[in-house]
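Remarks on the structure that follows.
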Amino acid sequence: MSNYLYILWIPLLPLATFVVLGLFGRKYFAKSAGIISTASLLTSTILSFVAAKQYFFVDGKVNGIYQKIIALKYTWLEFSPNVSIDMGVIVDPISVMMLIVVTSVSLMVHVFSLGYMKGEERFATYYAFLSLFTFSMLGLILSVNIFQVYMFWELVGASSFLLIGYYFNKPSAVAASKKAFIVTRFADLGFLIGIMIMGFYGGTLDIGLLIQKLTSVQSPEFLSITSASFLGASMLTWGLTLIFMGGAGKSAMFPLHIWLPDAMEGPTPVSALIHAATMVVAGVYLVARLFPIFSMDEAALTIVTYVGAFSALLAAIIACTQTDIKRVLAYSTMSQIGYMMFALGISKNGGEAGLGYMASMFHLFTHAFFKSLLFLGAGAVIHMVHSNEMKDMGGLRKLMPITHAAFLIACLAIAGIPPFAGFFSKEEILTAAFHENKLIYGVALFTAALTSFYMFRLYFNIFWSKDAAAKAHSAGHDHAHDHGEGSWTMKLPLIILAACAVGVGFIPFSQFITSDGAALETHIDMIFSIAPVSLSIIAILLSASFYKNQNTKSDKAVALFGGFYRAAYKKFYVDELYLFITKKIVFPLIGQPIAWADRNIVDGSILLLANTTAKISTAIKGLQSGKVQNYALYFFGGVIALSVLFIYIWK
Amino acid sequence: MNLSLLILLPLLTALLILLSKQLAQIRVIGLVGSLAQLGAAGWLLKLYMDQRAAGNTATYLFETNTSWFKALNINYHIGIDGIALAMILLTSLIVVAGILVSWTMEKLSKEYFFLLVLLSMGAYGFFISLDLFTLFFFLEVAVIPKFLLIGIWGSGKKENSAMKLALMLMAGSALVFVGLMGIYYNTNTFDMVEIGKMGISLGVQKFFFPFLFLGFGIFAALFPFHTWVPDGHASAPTAASMFLAGISMKLGGYGCLRMAALMPDAAHSYSWIIILLATIAIIYGAFATMMQTDLKYINAYSSISHCGFVILGIGMLNKTSINGAVIQMVSHGLMTALFFAAIGMIYSRTHTRMVAQLGGLLKVMPFISTVFVIAGLCSLGLPGFSGFVAEMTVFMGSWQNPDGVYRAATVISAASIVVTAVYILRATGKTIMGPISDEHALLSDATWNEKLAAGLLIIGILIIGLAPFLINQLIMPSTDFLMINIDKAITLK
Amino acid sequence: MNEIPLTHILFLSTALFFIGMYGLFTRRNLITMLMSIELMLNSVNINFVAFNKYLFPDKLDGLFFSLFIITIAAAEAAVAIAIIINLYRSHQSIDVDDATEMKF
Amino acid sequence: MSSNIFILLRQELLLSLLIFILLFIKIGKERSNESILNLINGLLLINLAAGLFGMTEGGIFNGMFNTNAFIVLEKNILNLAMLLISMQSYAWLKNHKQLAEFYLLLFTSLLGMFFMISSGNLLMFYLGLEMSTIPLAAAANFDLAKRKSSEAAMKLILSSAFSSGILLMGISFLYGTTGTLSFDVLTAYISNNPMQLFAFILLVSGFAFKISAVPFHLWTADVYEGAPVAVTAFLSVVSKAAVLFTFTTILYKVFTPIASVWYGVLVVLSIATILIGNLFALRQDNFKRFLAFSSIAQVGFILIGISGSSQAGSASLVYFVLIYVFSNLAAFGVVSVVSALAGKENISDFKGFYKTNPFLSWVLTIALFSLAGVPPTAGFFGKLFLMMAGAAKDNYGLIIFASLNMVVSFYYYLKVVKAIFMDENEAPIQKLNVPGITKLAMYICMAGIIITGLASLVYDYIYSLSIGI
């Protein structure tokens, strides 16, 4: 077992960048910040590829099984002898895979931002935050300890808060960042309690030990956690569900998804990084990380499955109606993650039945590339059009050919058209679903169709539809005289990612990443693939007929769906529901009464005490009448009182 | 090292301040003095660690015990364990910061600095004393300076706040006094160590523990005796707010902890009440904060909520939770001090603390805004800052208590972190972010002294947040000593 | 001849004491109030003498005490009257109810 | 024997000598007030010094007068108080025609107190009491022109005459039931038959009147307000202290057989006194009146201490009185200076006082803190030790009551501090130039307030001398 300690540098380099840029950036590196952090990130990217090569091809495999290797473990905060937060580095198939994903996507985003964010006032700060995020994400991936996961989890949330709120003087951005943080925080509360349950019954917070203890049916820990129950469900179910709640929060699963669309207020590259490729899949990663334990509890898995599937469907439907291109992408992200989730949900631990797990990871991998590509492409578009709205776009394929090509590839990939990456991963998922659960399979299939529909709706609206000249007028200025398609720094990432979107599908993924680490023989069954592929193609043709050229078909369709369309357009009023709960219930019915009570009842009672004392003192001032005779009288009264008290009563 | 130094240094500083003439001179003396205190505290830490490393397993180190009032068996008995030391370090750090932020205090500067130093002296004395009488003495020494600081240099309806604060704290110490009498006449000594050895009969504990705990609880903003906190903090001048929240509220928490260790049986049998009050304080404080519109009130109420964690940790009576309580005391001290410092800096420039009237300060005062955000993130318990470590330790500790009620308390308290996020982000979003109003568009950023002050506190926060094992190493052995008695009491049940 | 029992005398003194007290409480004229106080003191004198005569005839404590009381009463009266005169100067009256400036 | 008399009586003799010197000064040729004042203060210093050494124990006049180290200490405290008062009334007396008479009255009263304190016999006690009271009545009237002054004197003389009537009644009954007047013999005959209890209660009410315990306190406020500040100070500190000393001695020495009864009496009195004192003090604006009520409340605490009926009890009493001398006289000193130089006696006049007179403000503030019992001032220790002595009886209800009342008392003391430091006032009292000797007195008080508390040897010394039941 060789030494993987150098992996430590992969997260640490971005951290260093963050510290340097954060402290001195705005003074000394106002211009060079981008180059610096890109360089450092490039190093970590290279390192992670090295690591991947070493792990997958050199010494990760011991007699056919990929090992979990703890490269480093350091007790960071000890709660009680066994229960402690450890900082560490774990090396196993999924962590290495995620390393690749995160570093490379992040690198692309870094490069893209060089052009995209050029001339921003807080250029250095932007890169500092970007590095901070990359660091936190990498830390999350490499966690050995469930509490370590939680910590980086929080950090990821915070850095995404900072990045979404990057345009801090734009109220909508501020609101979005707050929303993102608070919603995920709420989810994290569940995560935290879940951790506490696990830690209490499992007697440890170390993921490896936890899995080991809670997967052996005779172990005292397992017995205690399954025997202890609350509201009818066993503590295991509670713990896992709560942990999944955390995951659902980050991965924007229904009903905790509301923050994701708003999060698009952030700079587009950020959306590409955080809200497409990395952070939002953290939830999936978390479930995958703890999958052996999840697989011990049917109930929890079922929840995962249905939440995933429902989110996938819901998001797809909403995506069909949105007009803000980034929001469309956001919902498609949500839908794709839903895919990954239910793929995990229907999976079993190990063997053939573990197909879902592998598929989900595969989809995660491919999705990262084409989705970030889509976002960067959208970024390029927005950079040119200065608008997120479809109506301000159209016919851009002439003005920005490279972007157009890349975007098309990405769309094909996500639509699952062979031979693009998406096809392979989606096929795996569908196969798994088909074997496990027909209902889910149906939903998946329908969603797939929807996906290709709205993706091409997007594509046609941007690049085809009306011609550019006419468009230019309506937009009020001429793109032709605009700064073209942007610098090479913006094109290069598109090209690279496009290449990935085409290529990564051919990786024999199942050889490397499976639930039990043993290679899994999978094959694409052409017969099986006919259904989804043909469905997608139909959907594409449909959307082509709707949106390729301006016509009224789409409006007819809208009219056809009527109320349902409006509901979908309004995102099924989930946001409104949340607003109602917070603005109409929490604030006026809990917050204000308490604040009022504090001033008037708690504080009031103390004031009352003071005032009564004062009142009494004014009330009795008559004693001191100023008449010496009364004084003598009181004197005598005192004598009498004392005598009575002590001669007769006392005794 | 003789611990009396910790009292003598401030005393000397105070005298020098009295002798000196104008502001320039006074503040330099104050700064030098406080730095000397910081140095002394640091040196003490080193010595302490060496002693422990050398295998010295005594509960208290650097003890000196000289008879004070022989006739009444009152002794000047001082000594420290890890917990006290942590508190001392906290105090010295905040004192330096406090002196720095009040660098340009023109009004009656001599008296101002004098009182600040006096207050710190009280705190040091309190933390080092092992004799309950001395403890009580220093507890009250620390009260009157607060009254004057708020009343003279404060803002808003300062007189009322000062009066309310002084009276409530005095009521607290009156209760404490009654408790002390009870202990004294049943053990014939004030010496905590001896009392700990001989123990107190159950009846006495049951009768007098409430007095002591409530008394100190008032200092620690225990619900429902917290109402001095918002007004007091809001009216106080910046440095005084820092001292109030950073130091004197800790006197209460520390006292509660010591009392719980001194009367473990009573603490155990009353623990459910303590936990109930603490939980109420936590969630209630959080919600009350959500409704505030004045930055200082926001921070004051959040202090109530955060100090609730201290009480909760103590009430749970197990090692982890008590560790958490101690860490939370230190963390909250630093964090709130930092917060008040930032608010003070903002207020001194914009002359308003109303959230509604502020906005977009990040544009004109990036440093201060960053400080503000850091304080906020620490307060909502973000990993990497001290708040996270403290709160998580408390949670993990209290979760160890499998009883349903305690579980509920834990969950409710944990839920408060969401509310905390809400109000912190609202405050940040409205003041730091968003569009800036024109009359604030030309304001200046922090000066060197403010930067230094904030920097010191942030360093403190980061040390705990990034390397909690250090502070754990410091306090854990001492909590073990505390737990010996407590465990005995609990297992006895 | 049969002598008067002690109780009679005690009754007398007590009566005198309370008459004096009554006077003090009711009369408005300062001089009269002073006189009623003298009355009270005299009742005490009677007590002392009587106790001495009837109960402890072998020692003379009581008699001496009453002598001292008389003397001091005289001194007291002197000072009191001086004060009253001064009060008259400032208030133009020796009615006790006129001297109630300070109260509450 | 004769030499013995001179040693045992030296403080009394010295004081009488002072009185004669004063007489000669009076009939002698005209002198400037300053010279006379300096002379008197010098003499008082000697008088104080003379008390400090050679404390022998013994009794004379067949035990009518007896003294010991403890009693001498008590008398020294009174001497000290006398000296401080005279130093502080310098500004007032400097332009006063009859300053000799003023001193004559006070000295005579002081002499009476000395005899009262060392009295071993009810007759001697009564003589001392009256000798100390009557001159004070005259002194209260010392501002002949002021209406208030004469009213005060009238109230004092009438009510004290009444009280001594009651007291005498009590004494007469004691005599009637025991047939003796001397303390040592008396103890043997004391039991709790109703007659004696009644007599005892009459006696107690006599004392209660002098120490102004509720409900026998009503004269206090008016007299304090009306009398000249110096006399008020003397009343509130010296005479109160003297009576308290005597009271304690008599309770501890004579009425030991009915200790349980007088414990009850003391508890009742102290509760009433603290409560009423506080409630009235809350509302006062006239400074002297305010101090009157606050001192009433203080007496309540003292009674708690005495009720401890232990060595600690009497020790804490004397200790507290010593502290009380320093703190109360410091306060009165400031008040007397202000009333003499600025003619203002109301708390509201003190608004913004700190701006013009920082020194006086600090003196007053520290004095008030000491009265309130705030550390590190001595008052803190004084009050605590009183309560500790009281707590020895395991009567925690009383302690709780008292300590909560301390909070109330804080309120009104802090109110004054608030007026001095915090309240805005466009026309504060102008800058006063305090006479050097008065300043000196204040410094002494400050030193006393700080040292008496922190330096434990003072208490330990008092404790070593004091006696319990």
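Labels A, B, C and D are assigned to the chains in the order they are written; within every chain, residues are numbered from 1.
Heads up, the rule we're going with is that a residue touches a chain if its C-beta (ideal position, glycine included) is under 8 Å from a C-beta of that chain, and two chains touch if they have at least 3 such contacts.
Since we're looking at a predicted model, the values are computed, not measured.
How many steps does it take, at the fewest, to get from subunit A to subunit D if each step moves to a chain that touches the one before?
Graph distance in the chain contact network comes out at 1.
Show which chains lie in contact with subunit B and also with subunit D.
Per touch definition, common to subunit B and subunit D: A.
Looking at CA centres, what chain is most distant from subunit A?
C
Quick check on this structure: which chain has its C-alpha centroid closest to the centroid of all protein C-alpha atoms?
When every chain is reduced to its C-alpha mean, the one closest to the whole-protein mean is B.
I'd like to verify one number: the distance from the centre of subunit C to the centre of subunit D, where each centre is the average of its C-alpha atoms, in whole angstrom.
27
Taking each chain's centre as the mean of its CA atoms, how far is subunit A from subunit B in angstrom?
37
Between subunit A and subunit C, what distance separates the C-alpha centroids? Give it in angstrom.
98
How many Å are there between the centre of subunit B and the centre of subunit C, using C-alpha atoms for each centre?
About 66 Å, centre to centre.
Quick check on subunit C: which residues sit in contact with 2+ other chains?
Residues 24, 33, 96, 99-104 of subunit C touch two or more partner chains.
Got the subunit D residues that touch at least 2 other chains?
Expected reply: 154-155, 158, 162, 221-222, 283, 411.
What residues in subunit A touch two or more of the other chains?
Residue numbers touching two or more other chains: 610, 621, 624, 626, 628, 632, 636.
Let me know each pair of chains that touch one another.
Every pair of chains in contact is listed here: A-B, A-C, A-D, B-D, C-D.
Considering the complex alone, what residue numbers of subunit A touch subunit D?
Answer in residue numbers: 610, 613-614, 616-618, 620-621, 623-624, 626, 628, 630-632, 634-639, 641-643, 645-647, 650.
Considering only the defined contacts, which subunit C positions touch subunit D in the complex?
Result: residues 17, 20, 24, 30, 33-34, 37, 40-41, 43-44, 47-48, 51, 55-56, 59, 61-62, 64-65, 68-69, 72, 75-76, 79-80, 82-84, 86-87, 89-91, 96, 99-104 of subunit C touch subunit D.
List the residues on subunit B that touch subunit D in their complex, please.
Against subunit D, the touching part of subunit B is residues 67-72, 74, 137-138, 140-141, 143-144, 147-148, 151-152, 158-159, 162-163, 166-167, 170-171, 174-175, 177-178, 181-182, 184-185.
Would you pull the subunit A residues touching subunit C in the complex into a rising list?
621-622, 624-629, 632-633, 636
Provide the residue numbers of subunit D that touch subunit B in the complex, in ascending order.
Subunit D residues touching subunit B: 312, 315, 369, 374-376, 380-381, 384-385, 387-388, 391-392, 394, 396, 399-400, 403-404, 406-407, 410-411, 414-415, 417-418, 421-423, 456, 459-460, 463-464.
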